[in-house]
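Presented sequentially are two complexes of chain A, the first with chain B as partner and the second with chain C.
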Partner chain A sequence: MFMAPKPIEGEKRVFMTGNEVVAWAATAAGAEIMYGYPITPQNEIMHYWTRMAPKYGRKFLQTEDEISAGFTTVGGVLAGKRAFTATAGPGNTLMQEPMSMAEMMRLPTVLVVTQRGGPSTATVIYSQQELTMTCFGGNGEGMRIVYSTSGHQDLYDYTIKAFNTAWKYRFPTFVLGDGYQSKMREPVTIYDPEARNISMVPAEAYMGNPGTPGVDRDPVHLRNTYNMEEELLKVINDNMATYESIAPEIVEYQEEEVEDAEVLLISHGIVSRAAQGAMKLLREEGFKVGYFRPITVRPFPAEQLRERAEKAKCLLVIESAYGQLKRIVTDSLYGCTTTIKSYMKPGESVTVEEVVEKVRSLY
Partner chain B sequence: MSEAPVILEAYIGEYASGKSEVAINRALRLCEQGREVTLVDLDTVEPFYTLRPLKKQLENKGLKVIAWETKETVGLGETGSVLKPEMRWALKRPGDVILDVGYGVEGAKTLNLLEGVFKRFPLKVYVVINTARPFTSEVSDIVEYIKTLGKVDGLVNNSHLGAETDLDLVQEGARIVSKAAKILGLPVVATTAEIQIAERIGTKDCMGHPVWVIRRYMEHSFW
Partner chain C sequence: MSVQPQMPRTWRTETKPHKFCPGCGHPLVLKALSWAIEELEIEEKVVFGCDIGCSLLAWDFFNLDSVQTHHGRTTPVITGIKRVRPDLVGVAYMGDGGGYAIGSQHLVNSAMRNEKVTVILVNNTQYGMTGGQMAPTTLPNQKTETTPYGRSVEETGLPTKGPEMVASISSEGSYVARGTVSNVRQLKKYIKRALEAQLNGNFSFIEALSLCPTNWRTNAEETWKFLEDQMSKYFTVGEFKTPAQKKEG
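Right, the complex of A and B next:
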């Protein structure tokens, strides 16, 4: 197993930007190599990784574009490296092909997405418009695990967790952040995973293992191409059955004041901070408002949400996108008769005050 | 020399160390003393959290601010930022000039683009240090980092954890920054703190350096 000097002993309260947090978390998680291509607002993940890499015996490869960064990450994983990459917006679009390959071959790639405005180049700043693409992009079936973070502590915790989830379950795993979280500065506790009894799932080589294939061990036959429809059908069905069977162990969500909620606020990522703030203010005013936040947006906590949604009178889906979260919610709640309203601001932030006003207008 | 002495200062340092916050507060303090002050956004490295969004607000407080307005720019964050023509000549302006420089070595190099550096009155270059940032939390790291930056005239202890800052953290920062300064043979120009903490420290920090009271403007300047 890879042994590197530890970047952090115990734990430490520090002040930094979200991108730095990701670089520190990946280093603390024992990531061995980052493959990357620059794009705003992701750049400092690479900058800080490359500043730390020589000190802690890690590696970095800057590729010619995001297609290559994605495929080299796939290659690193095949070679048994705890490898990752990071990108945003149009870079995420380009990475869908390599991530589809990872999905087909069930490779534990880790991709950190710092969402920016879309479609296309749009803005470098912020949005939640990469939700659909990160969960379901490429020509696959969305056999991916996607953690949507809401701030620096999440970025640290879930970047570490992403490596373990990926290597344990062998599905491509994503940390879905955004430009606000990337650039924002706030205090965060960084820690050595071991100090919190988190042991890292070992990375193992897929290729180049000792022995003679077919004699000492089974041959490795990793495929992303099939000649026969029947072959493909069987592989997809088997993989999907595995994905669905592990989903309940992976699903994570956060909720508050849902028991008697008339209006249930549903949001993910950084927008959930506005929703949570609004919920608290509205509760003080006597409005029965609850808060539900999927942390895994894929697999989605559909059953848990349904249970809460059926008791509410109205659901308000809040997002910095034009209905990408709402589509997942609607699909998850098919048959539930509770009204679904939405507050959609693609590419722009949502404030506590706006949510409060919107909820008041529902009464 | 009949010209009255003016203050020319540049604030440089590590990413998110508080360069802009210190520069703004320094400029406003000089302005409150009745001095003519120009504050210049020389951050060509990072388009987020710069003076740009605060330009109007700071001008209303009596500062002259040389900074782009976001709507005047194209491709910001994609293609890098360019100097506004008047930035190049900022040091030739009458009165005090405070420069807010982009982070790291590339930021510090921006000073080479200005006319009149090291000529009229000496331009003082101060490095802003926050010891709650892991890359500048230890004496040896600070020393190593500052050596990469070129001409430096002093250090500012800007150690903080945002809203979680406490007195001990600021004073510990003063001790660490002092040790680094001593090794480098540089002065510590000031320790900064928000008013609640500054009042508890007094006019000098535990190492005898002046305390500059900081009000936080930058949290509203994302883009």
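Right, the complex of A and C next:
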């Protein structure tokens, strides 16, 4: 039998763009098919994937739009394959329909989002304006798992992890990157998950298993439409209860210098690198500044943040969006009396210097 | 003594009586599909996807692995399955709104790409599930809830002729036909050929002229007359594309 070679043996230090990193990570994670539709800044994920896929026995389908890319991904998952897709901006808008089906039916789809400017077509470059949509889009309840990456190592680690989280918990899982991470090059260590003792959660078919339905086994009948309110309520309550119960295992965050922090910087994704840099500079100057970064923006590390926030004098939420992170923070901290300030630049980057400046102005 | 007609093997008795309205054409199309599957002995391989529309009522109709999808999105779901499980036989089942309006891009592009799936579309000249609005297949001057004075061709164009369109864009080897519930035997034959085309690695598309007495607001006689005198006049029943006959010798 033909055995496709392993994409990576052991581990390797490389210098590449984020999109290339995602393609490598998906390959290393054993993703079996990518379904996709062109959109900047996501394109090169497909470009690298299509170059590598045949070498490792993987597949690709270019669909007619993102609605189709999302629904074919749903199909790939139903067939029991590690299937994924990637998109951005208006493509992410279209993805919300298939992702709501995945949410309803608890299908472990993986979607990599490379945020670009919005609303509408806006810019092809960068933003953090797809936070709300990626966490809560569609006509649903946000029963999703969203990892917000801050750079290339994250992109590699969390793309692999996304497949495992998805298949372990059976909720649609998202890697929330952005155009900067997609397009810039950084040093990163790519590895064979096995070499790090990461075992991949096996994918299982929902449909098309052996045996004649109705003879050898029961047929599988998967529905997402319900006749009565009570029927639906039960399904949602059950799914929500599962989601809430697994959330503590899934939640991830990063923090530094929070113990005595007067000003706590809160940011996610690539902006957290500016926040972290600013925190370090300000500490050198004697300002008591801390840094908190949710890695899972959904489920959100609300309890952990509250504990830190209650000890601080002021919270500064920093983001490349107009208050999307701030809304989640405010909601998570309801009742906490610490002042919440924000630094918002929708669709534009945030630098270390700007954050330093902003924090100084708070004193 | 009454003799009960024999039902196809995939006919799931546990979920019968089915939930379609009395006199609806959907169950006839589904029965034709069951017979075709049984004749080809492919029950073990078929995955069935139903759209949102009255077709959603078919979600537990068969002894077949089945999935209910979204309005217009059954073709990509089945395509997604088939791309990674080429050993299966994928059937996407939908209404005329689902296939020709909201999901038309999927129909066109799956045909263009020669996806190895079979799309079965039920033409009842309007949106059944939502209460009888105009569909792409509504006949000129036909009254619906959103064309209460009759469909104006000037304002809304001509009814979609799906098989004619799909036949003109699909690859050699694909199969395209329009059947009718007034001739279930022929419809079954068409569906069987469609499934065979898929088994041979090609796309296939069947439109079935159907009945919707509920939204047509017709009694049995008028229902039949509408199908036979009006729909069948406008929508030609027959095969529009068949795999080229292999030349002898």
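Here is the rule we go by: the second predicted complex is superposed on the first by the 350 of 363 C-alpha atoms of A that agree within 3 Å, B and C clash if a C-alpha of one lies under 4 Å from a C-alpha of the other, contacts with A are read in each partner's own complex, and residues count from 1 in each chain.
The criterion applied here is as follows: a residue touches a chain if its C-beta (ideal position, glycine included) is under 8 Å from a C-beta of that chain, and two chains touch if they have at least 3 such contacts.
None of these values were measured; they are calculated from a predicted model.
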Side-by-side fit of chain B and chain C on chain A, or clash: fit
Which of chain B and chain C A:213 touches, first, second, both or neither: second
First, second, both or neither for A:186, with chain B first and chain C second: first
First, second, both or neither for A:68, with chain B first and chain C second: second
Contacts of A:12 with chain B and chain C, given as first, second, both or neither: first
Touching partner for A:24 - first (chain B), second (chain C), both, neither: first
Chain B versus chain C as contact partner of A:327, first or second or both or neither: neither
For chain A as apex, the angle formed with chain B and chain C - C-alpha centres, to the nearest 10 degrees: 100
Partner contacting more residues of chain A (chain B vs chain C): C
Gap in Å between nearest CA atoms once chain C and chain B share a frame through chain A: 21
Complex contact set, residues of chain C against chain A: 9-10, 12, 43-45, 47, 52, 56, 59-60, 62-70, 73, 76-85, 88, 105-106, 108-109
Chain B - residues contacting chain A, complex: 15-16, 47-49, 76-78, 130, 132-135, 137, 160-164, 222-223
Partner chain B, residues of chain A touching it in the complex: 12-17, 20, 24, 40-41, 44, 51, 121, 124-125, 179-180, 183-187, 190
In the complex, chain A residues that touch chain C: 32-33, 35, 59, 61, 63-65, 67-68, 71-76, 78-79, 81, 83, 97-98, 101, 205-215, 219-225
